[in-house]
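Two complexes, one shared chain (chain A), two partners (chain B, chain C).
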Partner chain A sequence: MQTLIIVAHPEIENSPTQQFLKASLPADQVTWHELQANGKFDRQKELALLEQTDRVIFQFPFYWYSAPYILKKWQEEVFSGEQKQYRYLAGKELGLVVSLGQSLRHYQAGGSAQYSMSELLRPYQAFAAELDWRYCPPLLISNFSYLDEREKQDLLIRYQQFLTMKNPADFSEQGDWLLAQLATMGEQNSAQNGNLKLVSEQLEAQLTEYQKLTWEVAQIKLGEVD
Partner chain B sequence: MADDWFEQTITELQKSGDYREQALLAAVLKYQRELKQRTVNAQGELDGRIWNHEQW
Partner chain C sequence: MQTLIIVAHPEIENSPTQQFLKASLPADQVTWHELQANGKFDRQKELALLEQTDRVIFQFPFYWYSAPYILKKWQEEVFSGEQKQYRYLAGKELGLVVSLGQSLRHYQAGGSAQYSMSELLRPYQAFAAELDWRYCPPLLISNFSYLDEREKQDLLIRYQQFLTMKNPADFSEQGDWLLAQLATMGEQNSAQNGNLKLVSEQLEAQLTEYQKLTWEVAQIKLGEVD
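On to the complex of A and B.
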């Protein structure tokens, strides 16, 4: 699966959040594409990038309840024709990675922002629907600078999953994703490969046992009458 | 005992890993703890449904 990350930020180099996310990128299957504000976008080039990808990410800070203008400029210049011109792009996924300067609790009815993020991000959901793309639940990053090390490491993994894991993924599929990452880590780290293999084997055995139990419960439920 | 081994091994691996590897190992440990709890829950549900006399 290929993922295109469209980064819309006026100062990417000076943004700790964007630099952290950039340093967290998986080794392959992702393209980091920074939008630059010099001149018009090359429509054909941008559409070619989109055509080659399965999942499109709009990544931006939330300014005045919206993305920085560069993302709207990109949308208007790349999608300047009628909707039917883009049918060949149907079936993709759209995911948003949005950084917020406030806690998420402000974004709800009764909170200081009054509206939920689902409501405020609705134009992107409509954009995805118009193109027949599947809109994924967004990855919201609030108060990045207040995160401790453990929370940052958790964000690193959630970001990688957002970019490369099946979405939505159930609990077992999350385990399969972790096992694949452990295998890659083992290939790159020969000194620790032995212990990594043992860890993977134990995790896999426990996951198989869990899957067997949930399958058995599901079979019994099928046979039960109300 | 096996779980102690799992956690200890992850902790040892984290000491020699880089930042990204440490993050992955922390996620694996967190996942494995939830997996153990879910397995206990699933086993309990299975036992409960097997012994549900109303379905005999």
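On to the complex of A and C.
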């Protein structure tokens, strides 16, 4: 699977979040594409990039309840004119990676932002629907600067899964993904022992949960649990 | 009341809708402000314009489910940094005038756009809420090019009311507004007889409705209607 990450941020070099994500990229099958504000986008070039891609990521900080304007400029200049021109791009996936300066609890009825992220991101969901792209549940990163090391490592894994897994929210696929990571790491004479330990811990937690579920299913079949 | 119309459109001169709206402007208390894409906005100048204004209008065509990027650029450059800087602008009103290339029935669950305009415009509603501005029910103009003359005249009136009335959706205020228009027109030695006739007709219809309502209220008080 090929993934194209479209990064919309006015100061990527000075953004700790973007620099962290950039350093977290998997080695293969991922293209990091920063949008620049100088002049018009080269429409044919951008469409060619999209054509080679299975999953498109819009990655941005949340400014006034949407992406920085450069992403909208890109949408308008690349997808100009009649939408039926873009039918050959149908079937792709759209994933959003959104960094927030506030915690998620602000984004709900009664919270300071009043609306959920699902509601505020509707224009992107409608964009995906119009192009006949599948809209993935977004990866929301809130208060990156307050994350401790362990949380950052968790984010790194979630981000890599978001970029490369077929169904990032699928439990058994997560297990497979982690096993594959472990195998790769085992092959390397690794200075990455910290990472390896973390991945092992996650896998252990997941397998435990899986075993519990399996046990519950067995009980239900025996008629002991309702 | 002072109203500032912020027009975000890449080709205002070639837009029949924008040209129609521009020609429909009331003579007083309204400022028409076109956003240009060359360079950064002069933040202090824009904030000064806002400070003199009671109602701010964002007027734009709906491109990929939001305003053209130039409006977002304006929002980001004018309202940069911490939001508490903008507390002195609290209490204003935000009204959206949105032109659509499709009819409104597309904008609902099951329609081709899947979501209602209320949902898709949430980012503007949240913007208003964060600045402590009142969000007005938007004026939506769909399929302008298919409107006949009568519908265009109706739009002209709705637009003028949207710009200048305290509560554009308030019935008795609409009556007052129309009466004021009639009075002004009567004072001019008017080549505007078409307009005058239209306004009279609208007023007559409204007054009839008002009379019916008054009658019903009276009946309710008499206990004859439940």
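Note that in this section the second predicted complex is superposed on the first by the 187 of 226 C-alpha atoms of A that agree within 3 Å, B and C clash if a C-alpha of one lies under 4 Å from a C-alpha of the other, contacts with A are read in each partner's own complex, and residues count from 1 in each chain.
Here is the rule we use: contacts are C-beta pairs under 8 Å (C-beta built on N, C-alpha and C of every residue); 3 or more make two chains touch, one makes a residue touch a chain.
This one's a predicted model, so the numbers in the text were calculated from it and none came from an experiment.
Participant: Does the superposition put A:156 against chain B (first), chain C (second), both, or neither?
Facilitator: first
Participant: Touch check for A:113: first (chain B), second (chain C), both, or neither?
Facilitator: A:113 contacts chain C only, not chain B.
Participant: Classify the contacts of A:178 with the two partner chains as first (chain B alone), second (chain C alone), both, or neither.
Facilitator: Touch partner of A:178: chain B, not chain C.
Participant: Once chain A of both complexes is superposed, is A:72 in touch with chain B (first), chain C (second), both, or neither?
Facilitator: In the superposed model, A:72 contacts chain C only, not chain B.
Participant: If you stack the two complexes on chain A, which partner ends up touching A:202: first (chain B), second (chain C), both, or neither?
Facilitator: First partner only, chain B.
Participant: What's your read, chain B or chain C touching more residues of chain A?
Facilitator: The partner making contact with more of chain A's residues is B.
Participant: Where does A:126 make contact in the superposed view: on chain B (first), on chain C (second), on both, or on neither?
Facilitator: It touches chain C, and chain B stays clear.
Participant: Flag every residue of chain B that touches chain A in the complex, lowest number first.
Facilitator: 2, 6, 9-10, 12-13, 16-17, 19-24, 26-28, 30-32, 34-36, 38-39, 42-43, 45-46, 49-50, 52, 55
Participant: Okay, in this complex, where on chain C does chain A touch?
Facilitator: Residue positions touching the partner: 10, 63-66, 68-70, 72-73, 75-76, 79, 112-115, 119-120, 122-127, 129-130.
Participant: Show me the residue ranges of chain A that touch chain B in the complex, using the header's touch definition.
Facilitator: Within the complex, chain A contacts chain B at residues 24, 150, 152-154, 156-157, 171, 174-175, 178, 181-182, 185, 189, 191-192, 195-196, 198-199, 202-203, 206-207, 209-210, 213-214, 216-217, 220-221, 223-225.
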